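Alright, structures below, take your time with them.
You will see subunit A twice below: alongside subunit B first, and alongside subunit C after that.
Entry: the complex of A and B
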């Protein structure tokens, strides 16, 4: 029998890693270990397959012209144009949703972490945010159609003859889609706020700062990376959502502005997601090449937003509070 | 001031529930509990509702939504069952067994799977998996056997469950990894000191300690699965209630869940009775996801003691 190797991991800060070979384990345990490896590898293979396949199809069908020409309604695919308008639509919708979600989310997170009184209300709000996060976007879309067709919200979209409010516009879709990003902003900001040790707050109070000034001058600057992470994650979700743009944006090919101030914002349009859906076999267009090209651009945007999260969270580790 | 802003969330949820239920009421009232029952094919019923006369007294509301509910139940249960196995195993792998180099790859991989938009999953499904199932997996004989009941085109329960599985796996993995990492080290070391091997240690100590996280992960993933609309609308096919007694054919039969049905009739929602019917379908989804989210939130509470979530 061989001598057991000395246990190197003891005394290290990391998790315990006994130098032990799985060859001596009972068979059931070895099967379990094998399955765990298989599950981990399966996830890698699936993700790799999706990314490589989309990369392959994207490079095959994407051309610069597609990016800068406007889409047209045409039976002949050589004349149906590119997807400039959907790209602009995705940008506008993402910016609108973020503008609404970020301040609200930060405010809610600050209130929950720093005030949170009365505590029953804080718990209620906390579970409310979970509920918003768990509500399917198609249900949010139906709710949006119901509420933005009310005469009260007529200023958001155009009004047809007979005072029927259309209820579909960038403003309406942006307001509803911000709810998708909100839980991410709240979650990341709260996590960052909770990571700040209490002696930082106490130091600020000791210098005579009020609570409001402490939040504004000390805490908010410190949690900026957290806010950035949450916002980037939320932007990725907004850019990738399909149900709300289909229902609330009209899912038209081109941006259609209405007359009057803020015409484009009050008008209808489409996003990359609705473009992909419309050009897939499930939609009306059925032009798989263009769907692949647009989906590749969409995937690129989403992956870049997630990559941005990585950069931000890596920078966050540099600033640590010393005791 | 900030508190008032935060309470907007509650106001919003209240308005949403009230408004959706209020709009949905005519559909529920005219069908009663039979709304949830089985009966005529859904497509015909929804078309009848869409074509109902303009006179409000003659609006059609008849709907027996069981085929759609059955589709939602099947896709959700199938995907959650498979995803639970995969995500528990891969969470154990990430926390305990993965070499550092593989771990550095796996963590972004899980985040990537969560970030891929559902329309991209749907596109890959409808252009790659559906033709594969329709042309290669289902033989001509099998298609001919059932052609008078249902067309087997490849739009199927199988593809829907398969893709949905990988859409909800990251949600579970993220929660489980956090919980497994937070299991007190001394518990694991105590087990290791008794000569228990690493697999049994994590299986008997780690996984048991992380049970609330597993429940929370399953509940939140279920909420995500019942609400998935676009991907299912693209790959799951037409209205049909797959019959488990059909053997393998069961897996390749089409189905159309609740959320996907809304997408198909969205354009017709300006017809008042159809709009109210769609709101009724949305109400069923909303109430289920509301309870699931609250259950997930409650299941997460014990984890807070360990500083997770």
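Entry: the complex of A and C
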């Protein structure tokens, strides 16, 4: 009750309206405000245009048929099939990259936030992650090709006659593409860890628990939404990356398994991104309709992932402590 | 003249501003008498219709002893040669202005202070005549548990919060059925079981602040400690939750030695049996509660409990 009283008093005096007061601002400030408003609107328009255009084009060309038939090499577009293999390729690559990036990223974040000694080493690790985050994926791809063509990594891909290691496979691409997701996982996990007040850790120590037990039973469960957010962000980046699948996955139309165990994983393939590139006017340009349809599916995947991020991070607020 | 000293203070104790004992200060028992068991009177309450607990009748069994304890953070001395007993059957309240070393002292009792890299400690802390430095620290902290200022349940179910301390390091065993009696017992002792018995599987962070804090007390009691440390456990809570926790602590004092840091002098008066007043890292006065609030020995304690400075 007592809280309402001042409000009512304010109401009687006439509410202040900070929104309208910009009319009295100096001209430079008003121009600045206008520019800021315009920038925001422009972004909205661009985002809306992309989504609407892809929606329009995608729905125009997309059919269930395309989703479930394998692509074929054919000059006649009516016989070139759909993009089942690229869909599977995108899913496989995303899962592979995430499986590698999530544990690595969480481990790095836990070490940085909870140990981080000596501090020069922690700073080194931090800059290492920043370098990885800042490296263009084509550079990662070329570097990966160099590494995975070495005889040491022959088990990742197939070996041609004359012992030349091909170096392109789902395993090779997955290992490299995980580096794209890694900084997101590290960042989100660290942020979540740093948001846990120190008295929560101390409460666990005060029950006679070790640091390891505290991390495992208290901190990691508490940062699970953060890990989820980072991982989902990273998955979106992996699904959208083009350079690494082109250079390290072979960018083949169909999944090409090699003989032996884990044949598909050691074989080459393509993703939705390589499929879109290949079929668009930028690539061979034979089938822009199919490129639009595939691009729409890809956009859908990424938007769904971002939606998942939102969902996870909104749930985070349920578990919070007073600092 | 000390600016903190009110000018009229010299001839007689200043009027107790926040707290009044029902009898005149001069008739409050001397410390020796109090510890001999004759000193506890029948104090009726504080001004304004408050209440306070029955003081412990007999002096408790000594569980911990601080001998010449000094703690410094880098070059800064935070606690200076403090010696204190901690007894089971009693509530010991640490009072004093902010930054006087109360919390530092409390955190040294379970060696939590060692988490602060710059902290160093001298002097001895004995737990049942055993030097705490010679004990495995995880073992010590199960015997001397702690409740913090902010309620901090772990992000798991109510049941698992209590079971956490009972389980092996990092393990999820023993399973629920084996632990259920101990968990329920701890919740009952913390006076929370009646409110949560139906939903032990609910996330603990959904409880109200007062319930969360009692859950933290239950969690600290579940491992059957000998000493329970509380760092301003009620300062983040509403008056009703505070009253429940105070009642709880008075009930618990017979099974566990209780040390509470508090900024709330009324609270110290209501629940403590002995009060230690700290000032700038020194133990200014240690006395039975009625004496501390009725007839403090030093001028500074008199000023502090009468509200002349905070």
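By definition in this document, the second predicted complex is superposed on the first by the 300 of 323 C-alpha atoms of A that agree within 3 Å, B and C clash if a C-alpha of one lies under 4 Å from a C-alpha of the other, contacts with A are read in each partner's own complex, and residues count from 1 in each chain.
Here is the rule we use: a contact is a pair of C-beta atoms (placed from the backbone, for glycine too) under 8 Å apart; a residue touches a chain by one contact, two chains touch by 3 or more.
The structure presented is a predicted model; accordingly, all values stated were derived computationally and were not measured.
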| item | value |
| --- | --- |
| Subunit C versus subunit B on the shared subunit A, clash or fit after superposition | fit |
| Partner chain(s) touched by A:221 [first = subunit B, second = subunit C, both, neither] | second |
| Partner chain in contact with A:197 - subunit B first, subunit C second, else both or neither | second |
| Which of subunit B and subunit C A:231 touches, first, second, both or neither | neither |
| Subunit C versus subunit B, contacts on subunit A by residue | B |
| Which of subunit B and subunit C A:209 touches, first, second, both or neither | second |
| Contacts of A:189 with subunit B and subunit C, given as first, second, both or neither | neither |
| Superposed model, angle subtended at subunit A by subunit C and subunit B (C-alpha, nearest 10 degrees) | 120 |
| Smallest separation in angstrom, by C-alpha atoms, between subunit B and subunit C in the superposition | 17 |
| Of all residues in subunit B, those that touch subunit A in their complex | 2-3, 5-10, 12-13, 15-16, 19-20, 23, 85-87, 89-90, 92-94, 96-98, 102, 105-106, 108-113, 115-124, 126-128, 166, 169, 173, 185, 188-189, 192, 197-200, 203, 220, 223-224, 226-230, 233-234, 259, 262-263, 266, 269, 278-279, 282, 285-286, 289-290, 292-294, 296-297 |
| Contacting residues of subunit C [partner subunit A, same complex] | 110, 112, 115, 137-142, 145-146, 148-152, 154-156, 164-165, 169-170, 203, 205-206, 216, 219-220, 223, 229, 236 |
| Subunit A to subunit C touching residues, read off their complex | 197, 199-200, 202-210, 212-213, 216-218, 221-222, 318-323 |
| Of all residues in subunit A, those that touch subunit B in their complex | 15-16, 18, 20, 22, 24-25, 29-30, 32-33, 35-40, 42-44, 46-48, 50-51, 53-54, 104, 107-108, 110-112, 115, 117, 121, 124-143, 145-147, 179, 182, 236, 239-243, 246-247, 273, 276-277, 280-282, 288, 291-292, 295, 298-299, 302-303, 305-306, 310 |
